[in-house]
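We just call them A, B, C and D in the order they show up, numbering each chain from 1.
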């Protein structure tokens, strides 16, 4: 029973991931003084989409149909390597964080090709920008992972976030705060949130993720959205795992609740940010991410001593 | 007596350097050849008289006879009176002739002859004659005067050989003489060709074959 | 070893025959391609024997030439590791070339091309086997020469001739450096091993060793083509016929890496500074090459740059290994070097695949400029899927064979971070950053390239393209199969990887280190699991859509109905943001070189020739300066007899006055 | 017996002047060349019982045998080409492209006769054991090769002839001085010591070192002029570019080697009298200077025959360099390779000139497309002479490089490699420009026969590159042994 707990954690993640977007939207609505959509809106959408048929553009080919499923699977696979608070990941082996990041890259690969497959200039634009930002965000993510690994003395996500437990904080708290901050920036960039992208403008010109989803519909779109939610969960659980209070030894449900709370907190933070911050100019984005990279390098150097 | 001849040779050098008239320099070369030809008579060597006489006669015949005559003939053929524009003027040439003499003495002072010689001046004079020949080839523009320079150069060498190494097997010496002879002839023939092709024998204008073009040619 | 001799003989003889069949291209191809394939397969027997068993074999035959040139073959684990991809890829490219050259315009050069192709294969085979220094140089030069002739096979174009000349000059400069190295590496009397290093200064042996090692890195690096020795590569590889570019990019440039490794192995391991140099060169190549690739409007030229990038990755791994070996990081060394070798192994296949597919697409569509292509995925199923597979592998998608090598290098770097105080922190961090940055860039580059070339609508009215030749298709399919197989077979290579590593660094005991197989197995499992899940997901989707309406329409262009092909994103526009961010690196002009007409932007005119990189312009600048200064010396030969004779007199007098005293 | 090597061609040469019928004369030329080649090759590969042949001032030791074999093989191919060339010269309208002026050729009889006498005098040089005789032979080669250069009766070739004649005569005059100095230094052995190699190399002969040094300087400068060492090389590009290609091939392939042989004869004496280091130093200076000068003029050269001429200067430098760093073996091998390759290249150049009617590199494009054989041989020759495998020059230059390294001073190989690299780039750049590309003339002349000799010579060098039979190796190392070369 006990060694099935990690599996349960994954199931919780699968179940709760879409909730986070609901949280974000509620927070934004709250800031805007509106009531906002229900928390479970994304569940309803996905359900509805799954019940729909499909419309494909004549321009598109096999890739367009393949991409959503492949992307979803890539993210799902990545999810299996994420430890959940006081409980280990389902799978782990030395170097699995590299695999996780590259699986996210694989999902991006599918998305970009699907976008280019439509032959629409808007989607091409979105793809170009996505490729552009990812160059920086992934590098920053790797540098953070390097810092975490140097701090925890382990070469797998499980070791960094679970085995090391709270001990990682004894190395150098301020530096780890920096790392958490940078991880949060990466989270924003990778999930196309403000200030890197504005998910709910009504100008396709300014969007990245939404515009790449323009031509998808039905089950494909459902998979796309669900994959996005899972991606948010994965990236959010890195800072969450760092911040997790390993000191108190929670039982399974307590741990789950705690972890869920942390991720919800991240989501809420994102929502708050989105409602009070504006989107950066495209030119500024690389500069911000470069600054994040610089921060993580600084963290790494401090950890190394 | 030997030293007097050597002295004369040096004077001939300076004269040939000084004169820009072709015929004059040809005459000087003839005198020089004659002087060199008689050198063996004054050598204290113990050479059978017959051979000695042969050498003297052959040398005189070639160097003072045939070659100057041929040069005169060539001069008439291509019809050049005088060195129109030598690269180095007469007085400067004479001075450099003196310099050549100095150099020759300097070098020969570093080359002590390992055996007893008739006169200590043989080596330096021979060298200076050759250097003069060199200088004439370099400083004269007329093809013919370059041939003359070459002949003077050979004279120097011949003097060296005949004055120091008379004991050397004669066949070789005469072979050398013969070669010089043929050489001068071939050169002369070439000079004829030049004068026929270019209507002049000014070798300073024979610079068509080059890897570097001066501005004047470039502009053309 | 009789197999290898047979293979060499087969290659040379068939090549010679092809030389005389110059005017009958079909016959020449039908003779040479099978001969080449057969030769490679024959040579594979002993190679596989060594590859899997591990004990080296060697034979030598005295070849009475001046200086006692001995042909001294040795086949050890390192050379076997390089030979496997070399032979397989040669066979594939021969098959491909059979179809490729069959419909050449100017058929008169085909026999010649086959001759040089087989010469190239034979010389590569013997380069990896040559144990005698002089014989190695011999084969090395032959390799450069035959590939040069293949590069200039389309010599009517000025650019091709130029590329050929630059290639020849560069490789000769490298070889000159190697001459120096091998003057010390080929002492008389070879003692069975590789490259008798009796005369070579040993470790800690002062300036001479430093000089020789750096000369070696220069000479071999000139062949490997990492920055700054890359300038010939983006010119030469696109200029060559596609099967040759595949061979050159896939295998030939690896000979440089082989040389560097072999040099380290025979001279008692590299030194820390070698590692640092290699890491820096690798990072520069990894990043700068991809940045320059963004500017290319020629598919094969992009691929050439990506080869530079991959060589850079291999260099990072090698450098990290050398560094760690001299810092006592046993595990790091093992992981890094085996990562580098594994990536080298895999790169041979996916880059070969990419070049073949690019060549096929170019043949079918009649152009290699992405911005006039597009939408050929539907008409060229085999070519396009081959290219997508290669692109996915090249951009490091974990489910394909481009990933495991990078993974091992990452792992090595992360392990390096753990060894506090060993001085490995800096190189490891650098390697991690460099690897990730170059990886992302290549992902961006390859998605853009393959998407623009094969997806969307055709951008120009090309006559409907069709698959060029079945033989080429076969070659591409088998290369793709090899890529897929290698994804799962990575753990199987671990034994020979360890062997190769221990052949380079005798110090690292590969036995004590935890097995590579355990490191690589999870990847294969995950790939298998992911493939299965994807299949399941597709099946589920089909199930869902079974009884529902699936309709087709136009692409949603934000309510603009009449969008036509010319409005699609081009590669220029796709890469615009990246180019703009990295303007500083890749071009002197701002990338927004769009000639503004009154209303609409005109043709994008980023000419590629000027963007090959600052280094080459720097070199050509030096060459120009040299030529000018030399031409100043030409007045020496100014045509005046008097001056000439004065030279003689001056020389004579100078010598006399100087020497006689 | 070996005296026939001199007598037969000499007699044939004299005969050629008087023979009226062209066909007979050409046959004579070719058959004499064949006989000469066969005989000298036989002598070289199978020295009769190792006993060197002697007859008063004549003799043939290993060195002489080797050089004779080399230039006689070259002469065989050259004469074959000459026969074809003379046939064509008779037919084609003689009109020079650059200036467009008409010119006619020297009488064919004179040309053939001079060729044969040239061969004779070279054999005499290799045969003679007396320094005076060597000098006479050398002067003779100059005098008989002058008409060869002036075959095309036109201004430029006349100018070249004049320069050649004067410069070489001056040089040889200096060499004569050198001989006299030698005689002076030998006079310690009593008056009238004949200055023959065997006498002076005899047991217990001590020469006066100072005069010997001076003599060597004079000889090096004098014969060096003939050999084309910088800075005395100035006649060489003019003569080679203006002479008909067959003459250029002989001049640079055979004559330069013979001058080198003459210098080596003197070097033997110096070695015997312990002046080895002194001579090697001078060799080093002239060698490196020649390579450098050649590099300067090869980069951006505009005339491909001049290009070949400068490459000859470079290779003469390499020969001296090799002797200087102590590998006479490499020097001998390089000499043979250079002779064959340069002969092949000049014959190709002749064909190209006949096809394109221009010596300007800029006017020649795409040889490989319209004159396939010429293109292939030309480019192969250029690569080969730059030391690319599988040709022989690769090996000999490698041997020289290793010797340079073992000489201890690391600067020598560095400079050597650098200059070779620069020259490689210059030559191959030109080669690519000429060989490939879109042809600059509609159709060339496709005659394989006139390229056969070039092919043979290239094959010879290829043979030297990949296989060295014991007899040949013995010949080379025998020659090297005379120069104190350990092989």
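Note that a contact is a pair of C-beta atoms (placed from the backbone, for glycine too) under 8 Å apart; a residue touches a chain by one contact, two chains touch by 3 or more.
Keep in mind it's a predicted model, so treat the numbers as computed, not measured.
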Shortest contact path, chain A to chain B, counted in steps: 2
Both-way neighbours, i.e. chains that touch chain D and touch chain C: B
Where chain B and chain C are represented by their mean Cα positions, the distance between them in whole Å: 69
Computed distance of Cα centres, chain D from chain A, in Å: 79
Between chain C and chain A, distance of the C-alpha-averaged centres to the nearest whole Å: 36
Separation of mean Cα positions, chain D and chain B [Å, integer]: 30
Residues within chain D bordering two or more other chains: 162-163, 166, 170, 210, 214, 237, 297
Where chain B touches two or more other chains, by residue: 110-111, 134, 137, 146, 203, 206, 208-209, 211
Multi-partner residues of chain C (each touching 2 or more other chains): 634, 636-637, 641, 645, 656, 660
Pairwise chain contacts under the document criterion: A-C, B-C, B-D, C-D
Chain A - residues contacting chain C, complex: 50, 52-63, 65-66, 69-70, 72-74, 76-77, 91, 93-96, 98-99, 101-103, 105-106, 108-109, 112-113, 115-122, 124-125, 127-129, 131-132, 134-136, 138-139, 141-143, 146, 149-150, 153-155, 204, 214-215, 218-220, 223, 282-283, 286, 297, 300, 304
Residues of chain D defined as touching chain B within the complex: 130, 132-133, 135-136, 139-140, 142-143, 146, 150, 155-156, 158-163, 165-166, 169-170, 173, 176-177, 180, 183-185, 187-188, 191-192, 194-195, 208, 210-211, 214, 237-238, 241-242, 297, 301, 306
List of chain C residues in touch with chain B within their complex: 634-642, 645-646, 649, 653, 656-657, 660-661
Residue ranges of chain B in contact with chain C within the complex: 87, 103, 107, 110-111, 134, 137-139, 141, 146, 203-204, 206-212, 214
Contacting residues of chain C [partner chain A, same complex]: 374-375, 377-378, 388, 392, 395-399, 403, 406-407, 410-411, 413-415, 417-418, 420, 425, 428-429, 432-433, 435-437, 439-441, 443-444, 447-448, 450-452, 455-457, 519, 522-523, 526, 529-530, 533-534, 537-538, 541, 544-545, 548-558, 563, 565, 567-569, 573-578, 580-581
